[in-house]
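Below you'll find a set of structures to go through.
Common to both upcoming complexes is chain A, partnered first by chain B, then by chain C.
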Partner chain A sequence: MNSEITKTIDDINQEKYKYGFVTDIVSESPKKGLDENTIKFISNKKNEPDWMLEWRLNAYRKWLKMKKPIWSNLNIPNIDYQDIYYYSAPKGFEEKPKDLSEVDPKLIETYNKLGIPLAEQKVLAGVAVDAVFDSVSVATTYKGELEKLGIIFCSISEAIKTHPELIKKYLGSVIPTGDHSFSALNSAVFTDGSFVYIPENVKCPIELSTYFRINAEDTGQFERTLIIADKGSYVSYLEGCTAPQRDSNQLHAANVELIALDDAEIKYSTIQNWYPGDEEGKGGIYNFVTKRGLCKGKNSKISWTQVETGSAITWKYPSCILKGDDSIGEFYSVAITNNYQQADTGTKMTHIGKNTKSKIISKGISLGKSQNTYRGNVSFLRKADKSRNYTQCDSLLVGNNCGAHTIPYIESKNSSALVEHEASTSKINEEQLYYCRQRGLSHEEAVSLIVNGFCKQVLQELPMEFAVEAQKLVSISLEGSVG
Partner chain B sequence: MFLDIKNLSVSVEGNQILHNFNLQINIGEVHAIMGPNGSGKSTLANVLAGKEDYEIHSGQIIFKNQNLFDLNIEERAKQGLFLAFQYPVEIPGVNITPFLHSSINSKLKSNNKDEIDNIEFAKLLRLKAKDLGIDKDMLKRSVNTGFSGGEKKRYEILQMSVLDPELAILDETDSGLDIDALKIVTEGVNKLKNQNNSFLIITHYQKLLDYISPNFVHVMMNGSIIKSGDKSVAADIEKNGFKIFQ
Partner chain C sequence: MYIDKEYLENYKNLLFSDFEEVREERDNVLKKFVPIYFDKKNNESIKNVDNNKLANLNYNYKKPADVDSAIKNSNNSYTIKLFNGKCDNYKDENLEIKNIDSNDSKFFFNNKLANTSDFLIDLNSLFLNCGVKIIVNKNKNIDIKILNIVLEDGLTIFQKNLIICEEGSKVNLVEEYNNQNSSIHNIYNVFEVKKKSVLNQFVIQNNSKNHELYLSSYASCMKSSEYDQKVYNFSNGYVRNYHYSELVEENSTVSHIGFFFINSDNISDNKTYVRHLAANCQSNQIYKGVLTDKSKANYFSNTYVDKIAQKTEGYQLSKGILLSKDSTYFSKPELRIFADDVKCSHGSTIGPVDENAIFYLRSRGISKNTAIKMIISSFINDDLENISNEQIKSIVTKNLNEFLDNIV
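Let's turn to the complex of A and B:
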């Protein structure tokens, strides 16, 4: 291997995870392990109505009979579900604090360190944030402003109590509890997450955002997010994630459901930066996430954008069910893997309605000894007349010890459907590095520039406020920089 | 002496390309090196720029009173050495504006000068492009991506004029250009030329020298300079070909 690339890889391997700190806060957890009592404990802690507990127990009983999915290109170690805490809350969170003066200053400090200020006067301009710390929602900003428009943006625990009719109607309607073992597990033990409802014809004027933080050791995070965009409405939502640096692996199994009714549009962006484990592959988050959007109404649109840089294992396929005629599904993804990280990510586009369109742009970057897989499933059902899909998968390899894989599945039961698939695999080019350096850029600047250029098509889909942050994150994932 | 190359011998993958190569350039001078294919012209350009695939057997290069071999590629660039590439590489998704902006700032920073901000830089770039007759739509595209051969070369000259180097090396910038593109390229060089910079122009054809007047013309064959003189040397080559030197 050429010396230039070797040097870059060495620099990259020295990358440090800057969100690896631990907040020293007293947490309250039940004992480790999972049985019906754990679920009763969680439900009770959250003062949930009986129907919710029943729903959870029902999912748990399904889970007991299920096996973990084995079709991915991942080496998933056996997870000991009895060695995990299923609930962890900073002490004193029986009720969500009414305002920030009731929140432990250490928590506010944590979010400040993460660059997510919670105090109203300091909040990110134009972005409302729901902050989830371990199992509970800590604070939701801009709530009052949104209420004036009839927008509901709160933690899901709160929504279960205040908007049971919406929860009963939509929770589990896109991802059935028995869909697969991680969705069943999440349904049984989910602790918190965000709930969004945008009323008819309302365009949400600001970005809604949830920030997830796993702090406590040996704790699983099972969040549940439900977003409903009523007829003619629009919302853009962003989630961000980090966790402390620990030697043991932590489990994150989230479920996210999106529902777009007639003419509604949901744009969902993720910047996932969970702790990826160290250079030896020790520690890191196991990220098993189910994200699915239902374009239920005519002419509706759901767009997923993800920048995945963290986690030891990523297993994630944000999907769209294009049920309404003329509906549109989009998936834009950048996945960067380094050291011993494994990612198996992609999307599923199910065309049911007439004239439905989907677009998939996936950019995978592999470094170190990592494995990066794109897996996509595009299917056209019998009535999906004149529907179309366009898929583009590009992989970039840095070094000689990593792998990139592209696994597209295409199924069509309708002869008028049109599918296009383009794929490419390339290595970072010596000539490009030489060219950039001749113009005075350092090695790292050159690699970062080339990779950012490679990802541009996806990064430009992110909301403005986060595009710059994402670019930096891409650079940090590549550089030896501590940031 | 601004640039002093002494007894330089270089090989690539075991093949010796440069043999006891010598060349001196003073500040304010324009030198042209002509030679047939395979004479080692591009190797010379890449060794000056610091490309790492070459094995230096002997000799030294002094540039601005420093040993050039002590500096890596980007350090040389920051010291004012610019190479206009024979085959500029495509960098998809990277726009010229941020690319050249970070380039100029890294140079300013290493010379302890104030960096130039976005707005000032955008103005500078538009001005330089206008000077060279380069359409501003071209500034919206990714570096060299999807450019024709001629566009790539003009783009190199644009970068050169923005970075304002002290030593500009043009590696067969004229090859593959039609006469209009050649005029743009040579006008760019003539505009930039002054008492405080030097040019080393590597070319295969005499045509380029109809538009640029070098102080010296060198003939290079088999890895060393076999004849130096004024513009009349180029005329000889035009008339009789390289074989008269063989």
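Let's turn to the complex of A and C:
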């Protein structure tokens, strides 16, 4: 290996987490630990109706009987569920502020440091933000305008109170509470999250966005997001995360459910940049996320796009159940791991209806001593006539201490369905590097350019606001001097 | 669970039953079969194996009566007939063939797959009752044909063979499985491909409906050696082909190529696993299958590249054609890579026969059936043309035609 590559790798290894700071807001928490009382405390705190509490307790009882999933290619330390706070709300937020000026200026400052344009600039950019600071929604902008169209965009705790019929019908319908241990845990103790309902034939005019922040130490954050797109509607939803630098590990187990009815389309984009731990692999967020979309109606479409750069452990498989005839599922992913990060991420496409189509593009980049795994499941059931899948997953290795793994499961039970899968693993092409260098780019710039090109297929799927951020993030994750 | 009962009852008849250390090891293996560990969901090795059948194994092994397993010798070519996994001892300047007897307990412990949680290999260790050792001497160039013959119905044969290709040797090995009875044949081949040696292996399987064949193999490849395996499965009965190999020293190459053609409610289980443990090695894993009726097939392929195995080239390809709406194909092409300077890829497709190709042929006046047959034969034709051994070519072509005649 030539000295410059070594230098670049060293630089990359030395890259510090740029978003590591802690906002000093007094948090109001119950005691640590999880039992039925904790759940009652959370439910009570949120003034939830009885049926909701019962639903949570049911999930908790299921969770007690379940074991942690073991099939992933991850080394997960034992999690002490009794050493975690399950509820933390910034003080004084029982009464929600009506607009930004009423929001704690410290919070606004935190968002500004992160470069989240929650305030004026974002409004100008046409984005309504439902920011979750720890577990309670802080402010919801643009709500009025959305209301005019009949769109419901609020926190899930509010929706439980105001739209119980929708919650009762759809919550847990895509991810059953007993699906696996993390989904049961989330169902039992989820504190907040977003709820979106798009009525028939409405195209949501702006991109809805939530910024999740994990703030108080040892607070597991359990969001629950539910998005319902009624017949003929369209919505694009953005989710992004950064977290302050911490030493002790933090647990995060979110559930996201999407439901698309006839002719509806949901586009869900994520940038995840949580604290990955330091160079020795100490600290960092454990990210166990269950995301699942159900294409319930005919001709519906769900598209997942994700850029994963953070977290010490990522365990995440946004999936699509293609139940309606002619429905479409898409998955675009970039996963970058550095230092001691571990990622086991991918998707699951279950073709049930006729003429269903799915497309998977996954790009994994491993650096340092990290392990990056793509795990995907594509299955065609008996009735999925003329269905199609195309999968492409490419991995890039930088340095020889990391690992890149590809574990696809492909099953076809229908003779008219067609599935194609391709995967490749390689290092950065020397000739491409040489070409870039010849034209006057520094080594770092060249690497960044090539990697960005490698990811382009995915990044171009992101909405405008995110695309810029994502490109920056890719560069930051990669090197020490470019960006 | 009756495996433990069968094991205890028949222990005296197994190979190496006099050795205490073998007994200990076997007892450890037996523990894996305690119901609590009998975890079908998380164990690939028994994905399509009938659990009940496995548990209710009826151990029955008979040594063959004096049969003529003469090894015919003409111009460096040998034919070995293995009756119930046994044959006569033989030795000349080219090779040595030795029946495994109960004296050499080292043979039992020559098992690199002991910890891979492959239940069928564990079962083989547990009930091992026959096998042969074939050593091809240095720098010899020979052809060997092995006919695996099971003599009667209802037998359970647990056979383990060791085949050593000494330095610089070149071996063309043909293995035939053509059994028409309802026995269980669990066979585990261990190949040692030494420095600069070349091993070309053809496996042709054509068993009848009730005959179950569990064929596993493990090959270790030394410096600059070549191991080339081709498996053709035309059986009407269940066949499990699990083939593992390790590239232990530099510049070695290995390829696992397989074809299966299955019909009615038959199942074909396939797995190939290549471990790259040294630099500058190459591997290929290619499996193609055609499924009709209610048949079912699996293919697990896996490439593991160790940290020191730089400049590795490892390729996988899996292709399945489903001809009927009730057939099922499952494939899991895995890559586990820990070195950066590698070229590894896999491709996998499952689907029907290409509609456009059928249309093209039909518009030229060819009937639909003939068109489908033409397309399927072209599916393996390019490989067939590379076979230099005319005898194998004709066997494969004959079996393929038989399969094609029956599909419409």
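What we mean here is this: the second predicted complex is superposed on the first by the 472 of 483 C-alpha atoms of A that agree within 3 Å, B and C clash if a C-alpha of one lies under 4 Å from a C-alpha of the other, contacts with A are read in each partner's own complex, and residues count from 1 in each chain.
Rule of thumb we're sticking to: a residue touches a chain if its C-beta (ideal position, glycine included) is under 8 Å from a C-beta of that chain, and two chains touch if they have at least 3 such contacts.
Quantities reported herein were computed from a predicted structural model and do not represent experimental measurements.
Superposition of the two structures on chain A shows chain C fitting alongside chain B with no clash.
Contacts of A:N78 after superposition on the shared chain: neither chain B nor chain C is touched.
Look at A:A404: by the touch rule set out above, it reaches chain C but stays clear of chain B. Residue contacts after overlaying the shared chain place A:S395 against chain C, while chain B stays out of touching range. After superposition on the shared chain, chain A has more residues touched by C, the comparison being chain B against chain C.
By the touch criterion defined above, A:V419 lies against chain C but remains apart from chain B after alignment on the C-alpha atoms of chain A.
Shortest separation of chain B and chain C in the overlay equals 16 Å (C-alpha atoms, whole Å). On chain A, the surface touched by chain B in one complex and the surface touched by chain C in the other have no residue in common. Against chain B, in their complex, chain A makes its touches with residues 2-4, 429, 431-432, 434-443, 445, 449-450, 452-457.
By the touch criterion stated above, chain C contacts chain A in their complex at residues 42, 307, 310, 320, 322-352.
Partner chain C is touched in their complex by these residues of chain A: 70-71, 382, 395, 397-427.
On the side of chain B, the complex with chain A involves touching residues 49-52, 72-74, 77-78, 82-83, 85, 88-89, 91-94, 99-100, 102-104, 106-107, 110, 142, 159, 163.
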